[in-house]
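So that you can tell them apart, the chains are marked A, B, C and D in the order they are listed, and the count of residues begins at 1 in each.
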Amino acid sequence: MRIGVLTSGGDCPGLNAVIRSVVHRGLDVHGDQIVGVEDGFLGLIESRARPIGHDDVTGLLTLGGTVLGSARVQREKIRWAVDHAEELAARIGIDALIAIGGEGTLGAAKLFSDAGLPVVGVPKTIDNDIDATDVTFGFDTAVHVATEAIDRLKTTAESHQRVMVVELMGRHTGWITLTAGMAGGAHGILIPEKPFDIERVARMIEERFDRGKKFAIIAVAEGAVPATGTMRFDHGEVDQFGHRTFGGIGTRLAHELEDLLGKEARPVILGHVQRGGTPTARDRVLATRFGWHAVEAVHKGAFGHFTALRGSQIELVPVAEAVTRLKTVPADRWAESEAVL
Amino acid sequence: MRIGVLTSGGDCPGLNAVIRSVVHRGLDVHGDQIVGVEDGFLGLIESRARPIGHDDVTGLLTLGGTVLGSARVQREKIRWAVDHAEELAARIGIDALIAIGGEGTLGAAKLFSDAGLPVVGVPKTIDNDIDATDVTFGFDTAVHVATEAIDRLKTTAESHQRVMVVELMGRHTGWITLTAGMAGGAHGILIPEKPFDIERVARMIEERFDRGKKFAIIAVAEGAVPATGTMRFDHGEVDQFGHRTFGGIGTRLAHELEDLLGKEARPVILGHVQRGGTPTARDRVLATRFGWHAVEAVHKGAFGHFTALRGSQIELVPVAEAVTRLKTVPADRWAESEAVL
Amino acid sequence: MRIGVLTSGGDCPGLNAVIRSVVHRGLDVHGDQIVGVEDGFLGLIESRARPIGHDDVTGLLTLGGTVLGSARVQREKIRWAVDHAEELAARIGIDALIAIGGEGTLGAAKLFSDAGLPVVGVPKTIDNDIDATDVTFGFDTAVHVATEAIDRLKTTAESHQRVMVVELMGRHTGWITLTAGMAGGAHGILIPEKPFDIERVARMIEERFDRGKKFAIIAVAEGAVPATGTMRFDHGEVDQFGHRTFGGIGTRLAHELEDLLGKEARPVILGHVQRGGTPTARDRVLATRFGWHAVEAVHKGAFGHFTALRGSQIELVPVAEAVTRLKTVPADRWAESEAVL
Amino acid sequence: MRIGVLTSGGDCPGLNAVIRSVVHRGLDVHGDQIVGVEDGFLGLIESRARPIGHDDVTGLLTLGGTVLGSARVQREKIRWAVDHAEELAARIGIDALIAIGGEGTLGAAKLFSDAGLPVVGVPKTIDNDIDATDVTFGFDTAVHVATEAIDRLKTTAESHQRVMVVELMGRHTGWITLTAGMAGGAHGILIPEKPFDIERVARMIEERFDRGKKFAIIAVAEGAVPATGTMRFDHGEVDQFGHRTFGGIGTRLAHELEDLLGKEARPVILGHVQRGGTPTARDRVLATRFGWHAVEAVHKGAFGHFTALRGSQIELVPVAEAVTRLKTVPADRWAESEAVL
């Protein structure tokens, strides 16, 4: 078969490993031809695609990012593409498509499949917010990077008897912050799922200092929000140039804790470092397995499905299961971290 | 409650993180007293134990090894201890015990519980061979270390156009080798579950060289065995001093491949590096969650059970489920790696 | 002898390794008594000090930060302490002092020595801005952390065809940025020593994109400044709460490059991660050697001197040589990075 | 100018970074043409060479190994090549050569230069045994890898109350072992420069155990030798198949210490992992600077010279200075490690 592959949405360590795995499995075992579609659905729309073979994927297992590029495409364009699915597929000469992306991409997989371009999805998100799969690749790497940062911050916070506020990725869900916070032994873990009371955070830190501890680490997701009225500043002022002042929640939280506590509090905004670089071993394996099973799914005709990790097994799940709701941190998982709060 | 905690069996990154988590959860939430039992069941037998509190577990989240020590104890001694369970518990003043260890330890948990010393088990193995849990802590760290080694060996193998044979841990199961082999992109993965034919391995490498590739990486589990008659040397000769000659399978495989291929082949035996050092973020979180749930299990009275990861949840499973059989690499998991073979 | 040891100034990986080395060398070889002075010169002034032995330094080789604590002390207080040097030394029972710190600390070493408290200095700075020593411990670790971040940012910048601006430490000197920028292959390296023209930076990036490259990495020291009139925003506005708006130079540079280029540009402010955590092997060895030589210097009576690395040797240098000028990046070192600009 | 570049001798992290730097500096600044010569001097002899440009060196900064390949060539062949130097240079169209290699390569640089093929040398060795330069690239990476291994071995040695013997690279010199041993806090450091007395090593470990310490780490260079008569086994028996029994000194030392001490002692042979993989930041920078200066040296006509690090500066040194003697660990450097012995 002639199988297209594209990567869509935000960057995520392991995308290249999926591409490599698709090529290995498709070429070596099934005798498929693999066509790399550039810049996500944009390449499909603009017929930018090229055959990829073994040489093109050499070294990709360990390389972050995506050699196919990725771009965000407006919904109308996607809808237009769905309407012209068969024609677009014919132009770049593919019989089926493996689409690696987030919730939106998985949703599109179903639409394209119904419209005549059979698509298998591979879920991708560093945020771990896709339902119906235990986890996706990229998440473990993001947590690894965030944990290494917390490890480093701890010693310097202790030496200087400071509060360190480390802001981690996660606009809608707190998985990275919860997990890296637990792995790094953060003393407070603030996530979007649970609006925080800054007075309570300050009190908890004070009690910690009263017990003779000389420092504290607060891990905060970029999407964490104060409970109404608990922070002096509103969130997200925008200045006359259109730039947000004060930076994000991490910076503002540090400033305000410093005022409340009368102690040095410093923000660290880890940012895009969490999205890049070589994937962890775990993410490489998961990405490789997803690629392997996506090719098998194409040959089985399991279109409109995506690869999901369930326990130790990869299963094929209807995309509808992934797009109905965002997977947020449930109360009982949050409870497990309270011991270290 | 007064809860004892001990670590038993081979070393495993994350043991200290479990101990720390037990102390945090027990002291802070339940007001328990935690008693650290030294050197596994030996400390129970010899009444070597001490109360441990917050200060004793500071820094343990990231520290490999076990501050309680670990020792292997003969079966008869364990049997004797079971017979004197209540008395031994009374001597060190504990009402219940959290026993962190491998298959043997989990088995003992049931015996002690029946004999009057209620025990909750926490599974531990870098080998990932305990059934009834998706995975245990320590495994991810071992795979991480092994993968980093393979990453490094690849560039040097390529520059020198060599075959590199890297021997990884796993006497009875191939999980570390399969997983690190896939993560590192090894070209051959040899595991105990599947006796290998050295001629076939050599042929595969030759075909690779014929395709213009200048090097190969073979990942081999220490317990991998040649199919009968396929290797010139028998495995495991012992010299007059009682020491094994030729090293293990890795060394012998490299020697023999060199002879068969007429190309340089070098063994690397990674050894105990896989067992030590700071746990990965994933293992720290898993260990912390296991400790949390073990304390809860004690308070629920779920004795004779152990903490198990099932998907994303921690469940309590009767120890009988863990000790009936070794979890080996199934055929379909092995198949997923064939693309990279 | 009774030798005090203190750490002063900002945090720096390797401080603990010096303390450990002083204890090992002093106790084991010379039979000294080592007294740890808390919180830098503050502990000297307030007579907060305690004997430290082997058990106190176990594990310190790999631990970032300083177990003795560190605090900044006002100049007048230091002057007062110099006037009462002998008395303060007598109170905590020390015959000599090893002071580990930056330029200011080394300067104080001379004053105390002249005033009757003989001091040997050990230079410490992650910024590498102390003259008269090739390098100090902490710098290699900071560069290591910054380089890992750039490595990770590269793949994500490339996948999304973005400009990434990474702001690194260095208020007065550009050593970390120059070195990590070269190590990470940054395309622009902006340091305090060389005011930059933002139009020129933008043009360079455009030429790079014109050559078909899809991304660029700009490494900028926190103290880098635009040449007069080349940036739209002034540096360092302060809002009504006393907090700096727009963050630092990295954030502002990214915003303005985005406007100039019409391309996404994202800032990453690495921050305190560069100051913490386990030191690199190189820094551990340098710190250990400095501690060793500091003890020898005390026994030789080389007071008012500090340990300096010259080539491969540790030499004792009069502190006057370290405090006359800041070691900035010279023009010829900068030139070496131009190939990658 | 048309400048050839080749890499010769054993693998070393940073070789690719030198090649990249030569291309950047030569093409961008001097308008040179760079010709990559394959497999060291073998490619020169066999006229295997190709022009290399920017695209060929993309990604090389962080990639271990050498994309040009490397091969060991017999001395007579080198001599023949020297006799035909001008002719060989003409065949592949080069005016000058940058030869990256060890002592032998640097020696050849002089011979070729005298014979009409002007050569500039770039020193390369993970062993740090080249005189006249403070250090070369590759060494820091080898030490980094070895130190990480020792860090991991420490926790597992302690948990199991074991002696761990870690064998590191260095047949003739002990630099890697001395430096990684100090960085990892090894309790014994055995190097070729100082034949060891195994009874003394055993006694030192026993004293350590007597002081209540539960483990010991011995770092031993592969070329370390026992003082005459102090070990029961002779070094390097060879069996009937031509393979060395017992492995190297690490394995034998562990066996014998186990017998002497009556305690578990385990060998870990780190092997080729020390030679491969991404270079440390420090090695990347040093390699980049060497490449930069090598191109400048070609344009200055400094043939028969090699790039050397002296303090913080790169200098050009006559190759004669590098080849007169091996740089071994001097007594005073060894002394600095005694505190941790």
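The working rule: a contact is a pair of C-beta atoms (placed from the backbone, for glycine too) under 8 Å apart; a residue touches a chain by one contact, two chains touch by 3 or more.
None of these values were measured; they are calculated from a predicted model.
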Least step count from chain B to chain C, where 1 means the two chains touch: 2
Message: Going by the touch criterion stated earlier, list every chain that contacts chain A and also contacts chain C.
response: none
- prompt: Using C-alpha centroids, which chain lies at the maximum separation from chain C?
  reply: B
Message: Using Cα averages as centroids, what's the distance between chain A and chain B in whole Å?
response: 29
- line: Separation of the C-alpha centres, chain A versus chain D, in whole Å, is 40
Query: Whole-Å distance, chain B centre to chain D centre, using C-alpha means?
result: 34
Statement: Each of the following residues of chain C touches two or more other chains, namely 151
Statement: Those chain pairs meeting the touch criterion are A-B, A-C, B-D, C-D
Query: Which positions of chain D touch chain C when the two form their complex?
result: 21, 24-25, 28-29, 61-62, 134-135, 140, 143-144, 146-147, 151, 179-180, 182-185, 280-282, 284-285, 288-289, 292-293, 310-312, 333, 336, 338-340
Statement: chain D residues touching chain B in their complex are 10-11, 13, 15, 63-66, 69-70, 145, 148-149, 151-161, 164, 214, 233, 239, 241, 243, 245-247, 251, 255, 266-273, 275-278
